[in-house]
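To start, the structure itself, in structure tokens.
Letters A, B, C and D mark the chains as written, and numbering starts fresh at 1 in each.
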Amino acid sequence: MWAARTAKFRHCLAASSVSLRRCLRLGVTMAKSKFAYVRDFETDDTCLPHCWVVVRLDGRSFHRFAERHNFAKPNDKRALHLMTRCAQTVMEELEDIVLAYGQSDEYSFVFRRKSNWFKRRASKFMTLVASQFASSYVFYWPEYFEDQPLLYPPGFDGRVVVYPNNQTLKDYLSWRQVDCHINNLYNTVFWALVQQAGLTPVQAQERLKGTVAADKQEILFSEFNINYNNEPLMYKKGTVLIWQKVEEVTTKEVKLPAEIEGQKMKLSQVRARPLALHCDIIGDAFWKEHPEILEEDS
Amino acid sequence: MWAARTAKFRHCLAASSVSLRRCLRLGVTMAKSKFAYVRDFETDDTCLPHCWVVVRLDGRSFHRFAERHNFAKPNDKRALHLMTRCAQTVMEELEDIVLAYGQSDEYSFVFRRKSNWFKRRASKFMTLVASQFASSYVFYWPEYFEDQPLLYPPGFDGRVVVYPNNQTLKDYLSWRQVDCHINNLYNTVFWALVQQAGLTPVQAQERLKGTVAADKQEILFSEFNINYNNEPLMYKKGTVLIWQKVEEVTTKEVKLPAEIEGQKMKLSQVRARPLALHCDIIGDAFWKEHPEILEEDS
Amino acid sequence: MWAARTAKFRHCLAASSVSLRRCLRLGVTMAKSKFAYVRDFETDDTCLPHCWVVVRLDGRSFHRFAERHNFAKPNDKRALHLMTRCAQTVMEELEDIVLAYGQSDEYSFVFRRKSNWFKRRASKFMTLVASQFASSYVFYWPEYFEDQPLLYPPGFDGRVVVYPNNQTLKDYLSWRQVDCHINNLYNTVFWALVQQAGLTPVQAQERLKGTVAADKQEILFSEFNINYNNEPLMYKKGTVLIWQKVEEVTTKEVKLPAEIEGQKMKLSQVRARPLALHCDIIGDAFWKEHPEILEEDS
Amino acid sequence: MWAARTAKFRHCLAASSVSLRRCLRLGVTMAKSKFAYVRDFETDDTCLPHCWVVVRLDGRSFHRFAERHNFAKPNDKRALHLMTRCAQTVMEELEDIVLAYGQSDEYSFVFRRKSNWFKRRASKFMTLVASQFASSYVFYWPEYFEDQPLLYPPGFDGRVVVYPNNQTLKDYLSWRQVDCHINNLYNTVFWALVQQAGLTPVQAQERLKGTVAADKQEILFSEFNINYNNEPLMYKKGTVLIWQKVEEVTTKEVKLPAEIEGQKMKLSQVRARPLALHCDIIGDAFWKEHPEILEEDS
């Protein structure tokens, strides 16, 4: 019966104009409703209510991307600032993100515990974050890479993770920040050995095998006169984005009374903006200073 | 005990350089492994094996986006071609996509039934499609909108739907193509009424209330002398992308023997490319002509 | 290739004993491993870590079951006690259940927040609870229904719900207890109207339409001289099962020295048992009195 | 605000009868609706449409259960028949099961591809199968174990697996039947070595280490004069339950005209019943003989 009906509908699409009217009157809407059963194959991926929802993005094949675009090693300031600009755009354009944390080619976004944005559907959360971040990356690229044209559009993979309470959320963020610390220390020594001591990457890797954090700091200090503690905080701690009230002053030309004609008017407005910090988020200090991030009324 | 250990680790981070070495030797790796339990909160979102996996993208707030960028109504050729260019990039850059279908501001991507790309994790599929599509949209924008600068980076939401067999997959694609047909017919009449007959949007909407497909075709023909059958196929059918072998000729300057020095060499290569078709995919003809799309060996 | 191999294997199964040995050496294990791919279709249904896991059971078609087994209306003491006996067996036989709450033909079981029983797989939780409860129902039936044989084995449907914190868990239990209260009040009046006032079920239903709790209490008091507040707590509040230390005395015949031969020895042992309470669990009092239920060390 | 309202409600429950009426008028329904948000924590576990849904049950700790109840080794006929009786009850009492396959202490149930029973919710499928099976196990126990009282109510764990097409479903069933074959062959030799040759379990295990199927058959034949091919099919193949039309004759005493008074009447009725087969389901023969199992109209 189904086959018969679709056959009829296909006949309609090919039909001469004489019979088309009658055909279409029956056909198109019927066809639509016949096929609409395919919607039942969509699954519900609602995130558990009252939990923190985290979306983490990672650059796809960014090792190659960094090579092709001559990123500085071990850290490319322009690339890190561009990542943060994209994350800020995501926070401004999407709803309910209370905090973001980024390092290297990854960024995590934390949606507020009781967000009901898109009914908490995980697929909406992660695809909107991923696509907004990716389009922003290309859009803002020229602002950060003036002399380096973008050769191809990059991809980012994402995932959603749900954390039931403040402790697990904070531990998640700590996990990412410790990861930042470990990787940055490693990369700092590794590239010093390669760029300054002339080792090959394989030799540098060999040299660092089995060393712990303190060993690496020692190498940096004794061989390259680098005190790791003085390295930029953005490299060592990554970037935290939280909403902060800022006074924004805009200059605007306006029609004014004759006596002050031609003057410009400064408009001042207090707005919340996602501002970048490069601080420790593992200890309690950060959370005590910004209690509003985790506190939500029932 | 946990609290004690984290406290110790925080102490390390703040420690003077004298004690730092010992601290770090114990601290960082330990901290990393302590926090790593947060990975257990990630869920497995593997798509059911041996099934077609479809990722569908939709432009976010594209009504407004179209307004802001002066898209032609009811169809903007540049915008449609840009969408298709992005979809082609997605097919070229990602793995295992056998077909894509697009219309308006949406595009569906079909991964082959036995794909094991990223272990079939739904989140990987949808975020990589969404981000690659979005970055391509900004990247290729200038090629299609020469006189219209892009004002802001757009977002796309995505979802994954799994279809267990050929029939349900074909019905899914039919559902989208019927939707294309219905919307395009409606929009074609609607904008004729507004642009040519001078109705307000509300009046046009009123006029079309309760009409079926044939009524709309009649209005187009009798009032605007438009035979809907002659409208461009891309508008009526949307765009199907499938892999086709094409011969690509590239011209290359090469070192050649003296007697033919200075000449250029034409290199010809047969490659598979995602080519655009604007044909019916509801009937059997398309699938019979391209049996390789659905056929897969066990 | 696959088809060929299975054909070979089938050949083996039918083979004469001459070739069987060689066949089987290759065949059976190969066949097992060939088919083992079907395990990949199982999905991971791990419950989010650090959350309360609740399994709720409901009797299947218990309206009919109650009719067939002549349950007293509105409450059958034997049936309620049997339900509680089954729930106690579930708590004793399974792991990590910290509390159960039952009313009518339903029972909820709360697993401790950090349980890792069966790796927190939802399917294990709910099927083990459902099957243990159901087998216990038949097993203990004769103890509670001496004169009423069990006519057929009953079914119970179950579900798993995950609650991220104490507040949501307590609200879940409150929801069930309020439900118990509402249903029991309704049933008490309804059956008074039917059994004592001689109304038909339809008439009783009509009579109660639109009444609120206080109206029903008024009817009970003024027409049937029943003070609802004096109704048994088990009916009004349902049954809460929590682990309580109890001293268990068992009498055992043991080999003893000659002078006290033939005597029995009383052995006393302190054990934790799931004991039944019929108290309010909506207010704070219960939780303050039993803080150990919700408190867990990290 | 929420806290205030709950406090008010708790006050109501404790209130004197004077204020109770007004309290309850506002309170109970309000409380119910206030707590009802906890339902949003339930997740949708719908099985993918148009796919075969399999529920597999396994006896919990049946090694111990078999010991305690003196099951014969390697196969206990009574236990196997009881399992099948339970599976038949499940098929009769639940909806849409087209086939069941059992061996040892496990049973798999296949729901028809387009079943919409309980909206295809996995939790309903598995808990109803598990509970019905478990209650039947206790209910029918005395019919199969006349001289062996049931010592305690057993548990069964279950899971749901979804198969998208006939091939994967048949491979699943083949996987279970090959498993039956491998285990039964092993157990048959193992217990012959223990029971007849007097080896300890550890010695028997050692003896069989590294042997393939043919080696085991050889041991059986040469040492115990057992031709494995002659072992009962139920042991070697397990049990398949499919619906078969059977003529059922019931004898009934009825009021009859005087001239034939006192006679009994035989009533014959054709009904579909889940009948047990012990045949190969790996090859095509079974499926060709019973095409109705897998065939379903669209």
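Odds and ends about this structure:
Heads up, the rule we're going with is that contacts are C-beta pairs under 8 Å (C-beta built on N, C-alpha and C of every residue); 3 or more make two chains touch, one makes a residue touch a chain.
Which protein is which chain? UniProt says A, B, C, D = tRNA(His) guanylyltransferase.
These figures come from a predicted structure and were not determined experimentally.
Looking at chain A and chain C, the chains that touch each of them are B, D.
Taking the mean Cα position of each chain as its centre, D sits at the greatest distance from chain A.
Taking the mean of the C-alpha atoms as each chain's centre, chain C and chain D sit 20 Å apart. Separating the centre of chain B from that of chain D, both taken as means of CA atoms, is a distance of 45 Å.
Centre to centre, using the average C-alpha position, chain A and chain D are separated by 48 Å. The residues of chain D that reach two or more other chains are 37, 41, 43, 48-49, 162, 168, 298, listed in rising order. The touching residues of chain A, counted against chain B in their complex, run 6, 9-10, 13, 17, 20-25, 27-29, 31-32, 35-39, 41-43, 45, 57, 60, 89, 93-94, 118, 122-124, 126-128, 130-140, 150, 152-163, 168, 171-172, 174-175, 178-179, 181-182, 212-214, 217-218, 229, 280, 282-283. Listing the residues of chain D that touch chain A in their complex gives 2-3, 37, 40-41, 43-44, 46, 48-49, 298. Across the complex, chain C meets chain A through its residues 48-51, 162, 164-165, 167-168, 298.
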